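Next, two complexes with subunit A in common: one pairs it with subunit B, the other with subunit C.
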Partner chain A sequence: MAKEMVLSGCAASAQAAKMAKVEVICSYPIRPYTALMMELAKMVANGELDAEFIYGEGEHAQLSVVLGASAAGARVLTGSSGVGVTYAFETYSPIAGGRVPVQMMIADRALDPPGDFGSEHTDAMSCRDQGWLMGWAENPQEAFDNCLINYRVGEDHRVLLPQFVCQDGYFVSHIPGKVLLPDQSQVDEFLPPYTLPHPLDPKHPVSHGPQIRPDQGTIMDLQRAQAHLDAPAVIKEAIADFNRIFGRDYSPFVEEYMTDDAEMAFFIMGAHTMTARHAIKHLRSQGVKIGLVKLRFVRPWPTQEVAEALSKFKAVGVVETSTSYGGAMRGGNLLHEVRASLYDLPKRPLTTSFMAGLGGEMVPLKEFYYMADILSEMIKDGKAKKTVYWVGFEAEA
Partner chain B sequence: MAVAVKTQNLPLIKKIRNIPREEYYVPGHRTCAGCGPALQYKLVAKAAGPNTIFLGPTGCMYVANASYLCTPYRVPWMHTQITNGGAVASGVEAAYQVLIRKGKREGELPNVIVMAGDGGSVDIGLQAMSAMMYRNHDALFVCYDNEAYANTGIQTSPTTPYGANTTFTPPGPAIPEGKKLFPKDPPQLVIGGHPAVKYVATASVAYPVDLMNKVRKALNVQGPTFLHIHAPCPKGWKFNESKTVEIAKLAIQTGMWILYEWENGEYKYQHKPREYKPVREYMKLQGRFAHLQEAHIAKMQAFVDAKLKAPGIPVAVPAPPPRAQA
Partner chain C sequence: MASKVKQITVWARGVVQDKEGRDIANGLANAAKKEGKFTQAFDNYVDLPDRVNVPLRKYARISDEEIEERYEYENEKPEVVIVADATLVKGINVLRGMEKGGVLVVNTDRKPEDILKFIPNRDLLKAIVCVDAKGICGEATVDFSGSEGGVDAVGLGAGMAAPILGALVRGTNLVKLENLAAVVKNKEALYKGHEQAVVKTL
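Up next is the complex of A and B:
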């Protein structure tokens, strides 16, 4: 029988990796993701998990070790946070381009400078265009579930892509929440054993990753892009199976909350969604017609689903927890993609963005009320005054 | 718990006529005429045999070998970044350990071999190589040393000799000797800091039987091993491409390269000349040293003389440290 436990995001991810029967793990310490590796190290030491636990000499090595292991045919897991995520950057394109489906758990952390332990999505978001699947968990339950869902999708031979499985540092990675742990038989039904079409095996010699000529490059880029076009159908299948086997009601790409009659909405992902829900409940009691749309996958970006979900509102406020210095919207990353998704619609909602939760700050209820006031003002004025509001710092902006 | 181990005992080769005919590194690549690294690749692959996986960090043996839609490798080969040959090899070996243990793969643990150039070994690849050895992975790390970043147009590496003219160390009125620094010593780096390593050897393309036997001895050992192979580069060193083996032999006859094995703390020397020729004999055949003055050659001779006394002991470099020179 499935059992209910109270686990942090890191502990939940470790339980998921164990039930996925991960075979090669590569660690390197950095807060806050380290707690995942500490859990896994205990499981290996106690004999609960039969896996090779490799002490990487840095994040670049972590990714390199799991690349080799996955290419040889083992299911792998690694992870990191903050500057650790960016230290490994060289490896992300070769892994995705090599179509080696490694999984990396990222518990977000702000990049330096200055040194900051706090959560911020900038570390992972900086790596979003290398060809990996990528998405955020709102709570430890989703951290558990997303691990399994991503193995299933990434390892599918129609996809074969590595996965950034992200959770907000501390807010999800370290604050315990309710987690339904399924039976091993449920996991086994959902997640088939890992196979690779052409593993490194002396019985079937293959050459991986040869040098190409410039005229051979485009077609390979196209194939990597195509994998992201093919992934959504596989994600839909996986989510349908997941919901059936584990008794959940996930929608594959975007999840809506109190949007039926809403005039405006927050567009958000990750931990702060939980606070946003509470803010919306309160605002509703005040007669404000507001809801939220939560993004589950940043890559592949669900263009059509985002457009459909947002087209019914008059105003949308994108909550940004990452930076895009000098970018077109002068704020974070998500508004670029939201506006691009809406561009071809005959009738578009007004959009703006809110820089909130940077450096690991909490996003308290009052900040969501502030954002809602701006959205109301936009509807009244019939236009967005600005593309970005630095929430709490507008005087300095 | 079952443990995946190699039980293989690859036999040593007595004479050149006993070398197996089977090739695992085959024609069809684009290396230069007289390429030392290509020659050592052929010998390493022959010695290792079919149950082998090669990891190829970026370098000449990647760029000039594995051109998409043709490959010279008859055993599995994977490109790695120039940075991470040792780390990727660690992952491959770890995967085989667990897959064999769980019964998902059958047979003997494959020979996992990293084929890295000098840059991919002791410069940008040093961290990954060192960690592979520290962690006791059952893998062979080969540094095929052509003494420069040759693939990118002959830039200095940490094994480029003192006095060499490379495109980053061009001689000029202000710096007449070209390269001012003395090289790293890769086998001593490995021996000095990696207790898990039980076998280290140097080899040369001039002595193919010796080279192949060292590959086999390394592969018969359980755990990490290291080979440092001298692989002359006609293009980078500027000598006639028919002279690769001659140059490699002269390196040993002049003491510019020393052939030895280090096994469980013991050194053994091979093809040690009774009397060393002056380093000038080796240097004069190579355009990379053509600009050197007598004083520079004397400095090189002093460096080699000191090194010949004992390869196990660090050499006092007969030159002031680089900062003091500048």
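Up next is the complex of A and C:
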């Protein structure tokens, strides 16, 4: 029987990795993801988990260790936060290009300067184009579930891609919430043992990651791109199986809340979705026709699903928790992809970008009310006055 | 934050009382959960990573309805404040944000009158509860397994959190003593704290 526990996101991720029977773990401490490794280290020390636990001398080493272990056929886990994520940046392309499905749990953290350990999606989002799968958890339960779902998808031989399994630092990683721990038999049914088509093996020598000629490069890039074209079908299968085995109700790519008759919506991912839902509930009671669309995978970006979900609204507010300094429209990263997804629609909603929760600042209910007011105004005016609002820092706020 | 959510703030000393402070918040939330309440308990993230003896805040929230402000990470209006080390009241406005009619619980071997001298905004209080938790069960438990979102490995309320929680019941009706007894390890210290607490109504 599934067991209900109250766990932080970090502790939930550790439980998921244990039930996934992870074989090699490489750690290096940085807040706020640290407790993932604290928990796994305890499990290994107590004999609850039979895994190699290796202390890296930095994040670059962490990723290099798990790359080697995964290439040799072990299911692996590493993780980091903030500047730790960016310190390992060099390794991300070789891991994805080598089609080695390592999993990295990121409890996100604002990048310096100055030293800020608050949550912000910018650390992971800066790495989004290297070929990894990527998505955010809203709560500790999703942190648990996403670990299993990502192993299943990333290790599938039709995909073979590494995974950034992200959760908002502190909000999800530290604040405990209800987590249903399934039976081991359920996890075993969902997640087959890890195999790699051509693992490093002294008895059957193969080369991984050799130097190549420039004319050999494109085909490898194309294959990596193709894996992201093939991944959505595998994600759909995995989510369907997950829902059946664990009794959940996940959509593969986007989840909608109160969108049936909505004129406007928030487009959002991660922790603050929960607060947005409460804000919508209260706004609805005042007659405001608002809903939300939550993104579950940033990579592969679900172009079609985003377009379909957002096409029915008059106005969409993209709630960003990451920065894209000097980028198109000057908002966060999500607005670029949302607008690109909508471009081919005959009738597009008005869109704007809300910069909220940067640096780990709270996004309380009243900030969502403010954003809803802007969306109402956009519908009334028939246009967006601005393409980006820094919530809490606008003159009219 | 909606007024229906009761906010409880615990002040403790860094490292040496990190676990005790967390145990008080967790003990309270766990006991309230047994009474069918919606609860939250968590560390103040920005007070950590802690250094020895720096002031730390731990929070608990108790509500009859779902807590909508799950991700608001500070208690802005605590109605109960618990101070795990009495010397904290000298340098810090521990009642910050409290509205009139709150309760203060202090771990001290002094009398309520002596502690109140150091509380300039004491008019906010309807009661103060003093308990000599250290006298009841000795020094704090030092264990770091539950810090930074980790899972506590040694159990809740083995140290002076237990008598402090016992004393809390004397000045508030947040939770029942028997429900605290069901969640803390050192039940004897819990009951002693409850018996020996000195309550002064203001």
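Everything below uses one rule, namely that the second predicted complex is superposed on the first by the 395 of 397 C-alpha atoms of A that agree within 3 Å, B and C clash if a C-alpha of one lies under 4 Å from a C-alpha of the other, contacts with A are read in each partner's own complex, and residues count from 1 in each chain.
Operating definition for what follows: contacts are C-beta pairs under 8 Å (C-beta built on N, C-alpha and C of every residue); 3 or more make two chains touch, one makes a residue touch a chain.
No experiment lies behind these values; they were computed from the predicted model shown.
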item	value
First (subunit B), second (subunit C), both or neither touched by A:Q211	first
First, second, both or neither for A:R348, with subunit B first and subunit C second	neither
Touching partner for A:T34 - first (subunit B), second (subunit C), both, neither	second
Which superposed partner A:D201 touches (first subunit B, second subunit C, both, neither)	first
Which superposed partner A:V363 touches (first subunit B, second subunit C, both, neither)	second
Partner chain(s) touched by A:F117 [first = subunit B, second = subunit C, both, neither]	second
A:H336 touches, of subunit B and subunit C: first, second, both or neither?	neither
Subunit B versus subunit C as contact partner of A:A74, first or second or both or neither	first
In the complex, subunit C residues that touch subunit A	40-43, 45, 48-49, 68-73, 145, 147-151, 153
Subunit B partner contacts - residues on subunit A that touch it in the complex	23-24, 26, 50-52, 54-58, 60-61, 64-74, 76, 90-91, 94, 200-213, 216
Residue numbers on subunit B that touch subunit A, as the complex places them	1, 50-53, 55, 62-63, 66-69, 71, 73-81, 83-84, 87-99, 101-102, 104-105, 107, 110, 127-128, 130-131, 134-135
Subunit A - residues contacting subunit C, complex	7-11, 31-32, 34-35, 38-39, 42, 117-118, 170-171, 173-177, 271-272, 274-275, 278, 362-365
